């Protein structure tokens, strides 16, 4: 398996390895280290009307509509809109995660004339021209979940730095299967930018911090739950005892993998139903997923940990950032932004707002969340 | 009759065994052979491929595709096509889940979508059979309507907290997953029906020569209605298997499923020109596709080239079938 | 005088732009063979399609056994014991012979399941009763020759034991021998008191077979009479409204140098080392049984099924002919035998069909010249008297014979040196037939070399300077005009086929 | 009686009434009708809709699909189909990017590679369909997977970026006041329309679609023509890929996925019979435009895209339905006229 460095050949920067404690610290310190001298690299709308404090209409264009994840971000945006009172957001986007449809949708809203556009890009570069056009016609542009080239938008709300997610995933896996364990990955498609980045960062981080770990392979499963299930099952069958863990890179792949593990009766914990015959056969599932999707498996104890930021918060934050930007309270060079109930969020990488470190759901806390 | 019948065997000119064998079984035989070859080759590379567990999951992999492909075969044999099945599966799966979580008795939440599927089939059938709109147009239309409608209504909210016992596809009587039973039983029933029922035969007639069918007193519209309603039935079953395999239901349309189903049908030897083909072939093809998918993972094909190889293999099976037909034609002429 | 079982009165039927039938009438008695005659487009097929429930008449009434009925679809007619062999073959290419025969009324076993064994057995029985032993009941119809398909059609009609059997030009596709067989069957059925409506353009058949005859002209009823009271000329004048002096107007021509020379031409399975020469101004008739390979020979010369071996010389020059295009560029034209599938694009206009084979000649730099094209089609329509209201009419709507005229016109348009005509007058009425014959003679006189494949012996004998006979893909005999008599031509066609045909069914008999 | 034909034949050129009638009552007429209604309604729905800027801007989005729809019309007229067009766009686009960035070809050459890739892909389809006799739907279904696979394999699913500005001209720039790609579409549309309507090649396509055997007996090079149209399909997919890459300044291996259905929908909406034998380029273009008008107009009036595709789906079915009715209506009409003629 040759080195996987993602679909966009961007440089990776693995975070420091966990040193018993303070690992988190290290991470955030690093972030702050950047925050010292932020020189803003985002774009600027051309003579945008001053709408400070006035009612504004926003459009939210996710990668695609009609999937659980973006249903959650939409929910967050509506919450924010209600809190603020002077914001109205409509969500509209392509029905397939196609960049060309997404461009067309955004273009229509530029023509229709909204005050601000929130987007999650299907492709960071391909989406740039239409976003630039938006800026040129005086529309504020803020990204979330999936970034574009910086100068094509003003701010990007980063749910969790790629390297942060990578670190969290790999660390959690390592803790369960040991530093010499072997694992495979089930992702959506190799061309999905976020997944590609995460995988790239994971590989870099694993090679840096867990050199003994064996990286078996990465398989595609689209956004299709049955296919994800089949792929996971195939991996289990293929490696048998030689595979200790599976990463699920999407909110679909992870529960599907968990289901596969359950039905193949190779769950790690002896107490769980569908428990593995022996220590050897056991397959640990760690992945990105919404807690709701994973509750069944966490309850049966087949899965211990699920990593994710809160997509509701993500949408929520995006709207706040947009509002602040329009109100002129959040200007280039700022180091943090007030995001309502989420408090102050730090600015990283010059023009990105960091939602915070990824959250790790476990049996203890998972029932406190509903998204 | 003036002349008494010769026993078929004794009239030499009547039976050419070579041809009989050639025409009846070959497509299925080819697929079966391809299946065996793959299993043997990959198995020799990696023994785990032929482990009982993996073979099971190969059969399980495309079970719901196979079920849907049964209906699709009939549609295609009748000289039509249905590109809306993917959307329909998504809609029916969502329906099933919604019913279940809203306290409808589980068995009902399994049955109602099947009827809903037949209803949808009836509507499509009506457009095709009585309003005389080409099936590709109708189903292209329905593809968007169903998909758009589903998104507008559910907005993609996942369905979860499904009641215990809803997971029909997760049942494993005698250690064999439920979908496999459905696949096998339905295939056999459909095959028998197609061969031994008048309507079953009429499908071939309508697909083969509309005008002639009309002249021999076959009501084309009625046959087409039957075909599309049946298709709806199989799609309904497929959608249940699809919905009940995991603990959650994405209330969304599975991408590209219709192409997979159509592929299974045509690779199964159903002539897209209508008038010929069998459902057994379609099911075998579905299994073959699943076996290929799994095999490519086992023999470590670079994941990037996976789909290319898949396409190539599909092409090869199709060509094999084609050359067989050629041979039969030749043996016929000569 | 016995009471008729079927009566039609004051029948009118209008199609878009055409009054197919006006106040026509017809009646039929049990156990009679009633011939229905008329020019192409006279309304014969329409009449029988009304009887068999395909069309509903606009006006008029149908009585079966004295009481009034009306059929909404063919099934209802079949239920009443009316079976039909339609003019255009209607079979399922992908299905077996047995299934074709029983489609729509297959024998059922338990649980109403189709009983395949019985079905095949019954199919075999029916074929035997027609003494057809060269048909595999499990063979796909798609691969059969035109002749064989025609026999399947007949078996199909007989499979629902009908009391009224309608045959719309059943012999059009058959060769002499098969016609004789068919007559045998028809007589057999007449014994069984089945009433038979028999449409044909071959008048001699009418006199051999029919008891009564009804004539239509331009959709109107002309008259009905016992065959014994009428003469051929009487019938013709009833049909055409005028008398036709000579059916085979063979004009004297002086025969020039060889135009087409074929040496040991091979194309398996049905063209086995054929050699022949065709001279300018000469009409050569090619006779043979169905499946004797005449078409394949012709289609090989024409490059449709390129030769596997052998030489083709045009004007003494050795030519390589790999496809019809090349054949045409060498001046060879072929009028195919099956107008429906080979000769025409039925959904297209007359104009477009006539110019299809010669698009190059009516176009400049690849662009079609409307004016030239229209002139071409108008000329064709006039030259052959095609019955259509304009060149813009879609060929589908033309009657069978008029469609045949369009095919001929189409190939004449290519102004060939060598004209191969495969069944040029199949399904063409006497009037048109004599026109086509005259045309052939004239063309020959203008120096064209003509090879005429025909299953109608009188035509072959009447028109040809020489007669060639094919059997099983080989050229087996050649006669000069003077000694080409019915007897020895048929003999040449049949030889040892006789055994082949009869032996098995005898074996079946005991 | 026998003199009847001659008199009739003389006035052979289709009369104005026939021309008008058939034009109005063919699918084109229906589309124009629906189109006008849509324009009016939508114009009331949003003042931003019926503006030159907006409409011109829309043409950027329909250019690629439009270009591919041209040869697709040919193919469907011959009774064939090409499901692999989307995948060909993908593989062509990838070849453009990879040959430029990874193989270091000059971008101009890379563009040529992109287009040739398309042609080759289409040619392969045609070759198998004609020489081996694989039914088009099956062949292109297989290559749909295969070509997409090639795109992924060759690019290892990496996107190619960083194209120079001049390259973006085609997809984002203007020429003589119109979007550049609109010119490309217009030119090709006119050429394809003329070829289909006026040339022997076009005529042969209709003949093949209605009766292939008959066409072959008429000496029409059926095989050659089929290979040509499938290659054309590849060619247009290649050009579309070029425009698309230029418009999005990126190359992804998933480019063009799902386009096949959009294209077919447009062609069918344009009145081309899926069974072959009939169809026009004008119809196809109207179909393309109508779909884009709906997508854009509805969006501007605040309809979200999920609802929009519902509308488009319904329009597709309805328009054909209307057309069937209009057809029989027109038939009755002319019959009436003919009768009055005969009576006088």
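By letter and in written order, the chains are A, B, C and D; residue numbering begins at 1 in each of them.
Everything below uses one rule, namely that a residue touches a chain if its C-beta (ideal position, glycine included) is under 8 Å from a C-beta of that chain, and two chains touch if they have at least 3 such contacts.
Keep in mind the model is a prediction, meaning the values are calculated, not measured.
S.K.: Which chain has its C-alpha centroid farthest away from the centroid of chain A?
M.R.: C
S.K.: Quick one: chain C and chain D, Cα centre-to-centre, how many Å?
M.R.: Here the centre of chain D sits 42 Å away from the centre of chain C.
S.K.: Using the average of all C-alpha atoms in each chain as its centre, how far is it in Å between chain B and chain D?
M.R.: The mean C-alpha positions of chain B and chain D differ by 30 Å.
S.K.: Measuring from the mean C-alpha position of chain B to the mean C-alpha position of chain C, what distance in angstrom results?
M.R.: Between these chains, centre-to-centre, one finds 43 Å.
S.K.: Which whole number of Å gives the spacing of the CA centres of chain A and chain B?
M.R.: Centre-to-centre distance between chain A and chain B: 37 Å.
S.K.: Hunt down the residues of chain A that sit against at least two other chains at once, touch-wise.
M.R.: Each of 65-66, 95-96, 190 in chain A touches at least two other chains.
S.K.: Mark out which residues of chain D touch at least two other chains, giving numbers and ranges.
M.R.: Each of 152, 156-157, 304-306, 309 in chain D touches at least two other chains.
S.K.: In chain B, which residues are in touch with two or more of the other chains?
M.R.: 147-148, 151, 271, 304, 306, in rising order.
S.K.: Chain pairs that touch, all of them, please.
M.R.: A-B, A-D, B-C, B-D, C-D
S.K.: Which residues of chain B touch chain D in the complex?
M.R.: That would be residues 83, 127, 131-134, 136-138, 140-145, 147-149, 151-152, 259, 262-263, 266-267, 271-273, 302, 304-312, 314-315, 318-319, 322, 326 of chain B.
S.K.: For chain D, which residues count as touching chain B in their complex?
M.R.: Listed in rising order, the residues are 83, 132-135, 137-139, 141-150, 152-153, 155-157, 261, 264-265, 268, 273-275, 304-310, 312-314, 316-317, 320-321, 324.
S.K.: Can you tell me which positions in chain C touch chain D when the two form their complex?
M.R.: The touching residues are 16-17, 217-218, 241, 304, 323-325, 327-328, 334, 336, 341-348, 351-352, 356-357, 359-360, 363, 366-368, 370, 374, 377-378, 381-382, 385-392, 410, 431.
S.K.: Of all residues in chain B, which touch chain A in the complex?
M.R.: Contacts found on chain B: 46, 48-49, 51, 53-54, 57, 60-61, 64, 147-148, 150-151, 154-158, 160, 170, 242, 245-248, 250-256, 290, 293-294, 297-298, 300, 303-304, 306.
S.K.: Going by the contact rule set out above, which residues of chain A touch chain B in the complex?
M.R.: For chain A paired with chain B, touching residues are 65-68, 70-71, 74, 95-96, 190, 217-220, 222-226, 229-231, 233-235, 237-240, 252, 255-256, 259, 263-264, 290, 292-293, 295-297.
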